[in-house]
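The chains carry the letters A, B, C and D, assigned in the order they are written, with residues numbered from 1 in each.
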Amino acid sequence: PEKLAAFQARIDAGERIEPKDWMPEGYRKTLIRQIGQHAHSEIVGQLPEGNWITRAPTLERKAILLAKVQDEAGHGLYLYCAAETLGISRDELTEQLLSGKMKYSSIFNYPTLTWADIGAVGWLVDGAAIMNQVPLQRTSFGPYARAMVRICKEESFHQRQGYDLIRKMAEGTPEQKAMAQDALNRFWYPSLMMFGPSDKDSVHSTQSMAWKIKINTNDELRQKFVDQTVPQAEFLGLTIPDENLKWNEDKGGYDFSEPDWNEFYEVLKGNGPCNADRMEARTRAWRDGAWVRDGLMAHARKQATRRVAAE
Amino acid sequence: PEKLAAFQARIDAGERIEPKDWMPEGYRKTLIRQIGQHAHSEIVGQLPEGNWITRAPTLERKAILLAKVQDEAGHGLYLYCAAETLGISRDELTEQLLSGKMKYSSIFNYPTLTWADIGAVGWLVDGAAIMNQVPLQRTSFGPYARAMVRICKEESFHQRQGYDLIRKMAEGTPEQKAMAQDALNRFWYPSLMMFGPSDKDSVHSTQSMAWKIKINTNDELRQKFVDQTVPQAEFLGLTIPDENLKWNEDKGGYDFSEPDWNEFYEVLKGNGPCNADRMEARTRAWRDGAWVRDGLMAHARKQATRRVAAE
Amino acid sequence: GHDLFTGLTRLGDNCLILGHRVSEWCGHAPVLEEDIALANMALDLIGQTQLWLGLAGEVEGRGRDADALAFRRDGWDFRNLLLVERPNGDFGQTLMRQFLFDAWHAPMLKALEGSSDDRIAAIARKAGKEVAYHIERSADLVIRLGDGTEESHARMQAALEALWGYAGEAFIADAVDTRLAEAGLMPAPESLRATFDETVNAVFAEATLTRPESDFAHQGGKQGRHSEHMGHLLTHMQWLQRAYPDATW
Amino acid sequence: GHDLFTGLTRLGDNCLILGHRVSEWCGHAPVLEEDIALANMALDLIGQTQLWLGLAGEVEGRGRDADALAFRRDGWDFRNLLLVERPNGDFGQTLMRQFLFDAWHAPMLKALEGSSDDRIAAIARKAGKEVAYHIERSADLVIRLGDGTEESHARMQAALEALWGYAGEAFIADAVDTRLAEAGLMPAPESLRATFDETVNAVFAEATLTRPESDFAHQGGKQGRHSEHMGHLLTHMQWLQRAYPDATW
């Protein structure tokens, strides 16, 4: 209890907690869950975009998309490393993902159906992710905060590229415009869901905010995202699929419709359009890759033995 | 020896040998090899054409191609049944195919690279096959001869459809014409190889002809094929890829270049463009299908047991 | 007019996409008899596609024939159920997909025989004869493999669990369905559920398979919101028509 | 002019098709570091494609840029080696394909640095730096997996046997190669064989892999006669440009 108070005092003073510092078990567990989930999201997040790599329409677009997916794998790597400092290995985390014990961001359970979706993912999904992540650069756990600094820089680059892609589509042929509008229609509400249910319905929020693992409320961030995105859509000549969307002078922001939270919970339960496909792809990659991981380990052991023998 | 003479006398008299009749071991073995190889050719022959089923350009063409590949599977079935009357099971034959102990027609080790190839396979490959098979309707072994009657009827239908397909291509856009000519260029010599090396180089021919397992010489049939095909190519406005092709008034047929027999032997050795892919596809089908075959057998056994128990 | 066009493309696209999937097996089936049976099924389905999409084009009246509809529409204009675009998976998944489809398709065609549009009734009669054989065959195989070896049972149960969430879409009406039913052109989707349930329950019982508890149904195909698999399928199916738009074949 | 165009498309198409194949792994690699490395390799290869095909278009002088060459040519106009269009197979096959390619590619680029055409030499210098890293990585992995577990050894040996017949094409000159070599534009293909042999022999020895005895070489890719796999690859790669020819992206 004394330790706990001292810990909270450090956090309140804006100090960073480092892996070797004492921390309450709840803090550790919450962070493992949050960082692990974030890492898994980067890994699973490769799949919807990877779906279009082989069909990218120009060499440059293909290179941009490859670089982006590569960055996501890189983010996964930083985050698994940050989680490892809390005493859980990457393999353990992976097994928890594959067994369904840990989740990843539900947004990746939606499909990428046209090339415009690749733009929408960059513009809306990365846009929402950044909105969530920027404050986390000031999170109390050092390795997580530092990973976030690096990630946010790359993500905002991705977002600009996504916006550029969808802009080309919105300014293109009638088919391209239709694809762009359709992408916005399909990704709008799932993007709003990325901030989570309203905080009044969220269980863990208060403690997480006290620990500075969570900085803003879900509703604050969602509002900020809407206010940022609506003018961008207008600039593109695309229509946000919300009849109730309206500028509210009083609050200095937009009024907008809530997403369908039933859908959110269905997707969380595993009933999203792509949950099964995503998990199957990751499970197959893990299972089919076992011999490679085993082979590399075996070689490393042999080399170590040979070095010892040579000494 | 007496039996042997009587057997030969029956054959010379034009009688049909039936499964229950006595026959020399060599006759049986040669027939198993020939019928088995023919059956395997029908099965493996599904693959180059199957390669284009999912890309067939119209619904009607897709239906025609499906029907054709289905017929080939059907031919495989008749022929395996004919071979079974000689005392070898379909599974044994399949295992000999997959182990490389038995061969299939080398023509199927060439790839189908454009839609025109589907026409070329029908026109040239089925054309050559019919040339080989029509005389076999008079072969001495009853089940084989009867299977051939049925097969030849369907094959000649396929050949007409193939010719119709390539005619559409030859009369089409410049790209289509190019595909048609390219298909002829690539399939011409492999089709000539389908008749086998010149009989003077062929070991088994004399005995097989005496037994009426083989009716014409390879060179006779090859000549007949060339004489039939050249005017068809001319009608299509396509050029046979042979500078030495010339009508020979004296022999009443065309002079033509020999195919590259080195290539023939390389393909036979396994070095054709598709040998490995074809065998991999068949091996995978067989291996992945094991649980289905086992499941069906197990169910049949259960049903039999239940019937007995109920009696 | 447009409702009928939509209804007909739903019928035709189901046949087209399932026929395409089934045709992917050509030359790769677990046993020769299945190579033949699968090709035969694909052939029936492609034939039915020609009829339904042919009529759809006629109803639309914009000069598009069945080929134009099959090979030149964009992904979002297809109206097939999500079920039929599921990848083949192993033979068990292909078979289970077929059975679930047939168990809806057969009563659907039966009901369509009573359509107020004679052209629809005529196609339904013709297709119904073929599909009566399809359901007989797929039900029989589901039973034999469900009640076969331990492995074949496990694979059939896994296939059922993977695909059950795609079985329900066919029975969920949208506004188009409702208007078509009111006009007597096509049956109300939910009216087919009882027959479907009866069929699958009986077959699963004999096959010793357990019907999943949740009746959650993925939706979207009927409205043109497909899965990622659909786009990959179309790259093959439409390739030649897209790459060489001026050609006739 | 036309010879140089052919020579440049051979270089560019190798990068394009191999880059495409490698990119198919995205999100499916056996370990996260490999997801990153494979994407990185694909990225390098696509970048090199832009340079080689860009120059090819310039040399051709008919207004085709790298994208036009990549996305609008027909299959038979591609000039890549058969090796690079081989399907990915398991990770071992992907890795072995990469190693065999790199073992040719690195000395090829080294030699191209001495091209009589400065533009070629400049591209070769840039690409050479990237490929020096590729060969280091692929050789290292071949050694580690060849001399790893029994299974990894068996898989690498099988991959070697499956792909060895595709390694030789790069070293067989046709008339175009000979004329390009005589003009000092590109090296004679056979001149690279010794370095290749040295590299692969050393790596196979350390990897405990047995080099196949037969040096039979499949040919055709350099002349536009590809495998059936190529057509399927193009349906994906060229899809959007073919389906929506009027669009810019």
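Worth a mention:
Definition applied: a contact is a pair of C-beta atoms (placed from the backbone, for glycine too) under 8 Å apart; a residue touches a chain by one contact, two chains touch by 3 or more.
Predicted model, so just to flag it, every value in this text is computed and none were measured.
With respect to chain C, maximal separation of chain centres occurs for D (centres as means of Cα atoms). Distance between chain C and chain D, defined via averaged C-alpha coordinates, is recorded as 42 Å.
Centre-to-centre spacing of chain A and chain B amounts to 56 Å, using the average Cα coordinate of each chain.
Centroids built from CA atoms put chain D at 35 Å from chain A. In chain A, 55, 175 are the positions where the chain touches two or more neighbouring chains simultaneously. In chain C, the residues that touch at least two other chains are 74, 235-236, 239. Under the stated contact rule, the graph of chain-to-chain touches falls outside the line, ring, star and complete shapes. Under the contact rule stated at the top, the pairs of chains that touch are A-C, A-D, B-C, B-D, C-D. Taken in their complex, chain D has these residues touching chain A: 16, 20, 23-24, 26-36, 39-40, 42-43, 46-47, 49-50, 53, 66-67, 70-71, 90-92, 143-145, 147-149, 151-153, 155, 236-237, 239-241, 244, 246-249.
Only residues 43, 46-47, 50, 53-63, 66-67, 69-70, 73-74, 76-77, 80, 90, 115, 168, 172-173, 175-176, 281, 284-286, 288-300, 302 of chain B touch chain C when the two sit together in their complex. By the touch rule above, chain C contacts chain D in their complex via residues 74, 232, 235-236, 238-239, 242-243, 245.
Within the complex formed with chain C, the residues of chain A that make contact are 48, 51, 55, 111-114, 175, 178, 182, 186, 266, 271, 273-274, 276-277.
Touching chain A in their complex are the following residues of chain C: 74-76, 162, 165, 216, 218, 220, 225-228, 230-231, 235.
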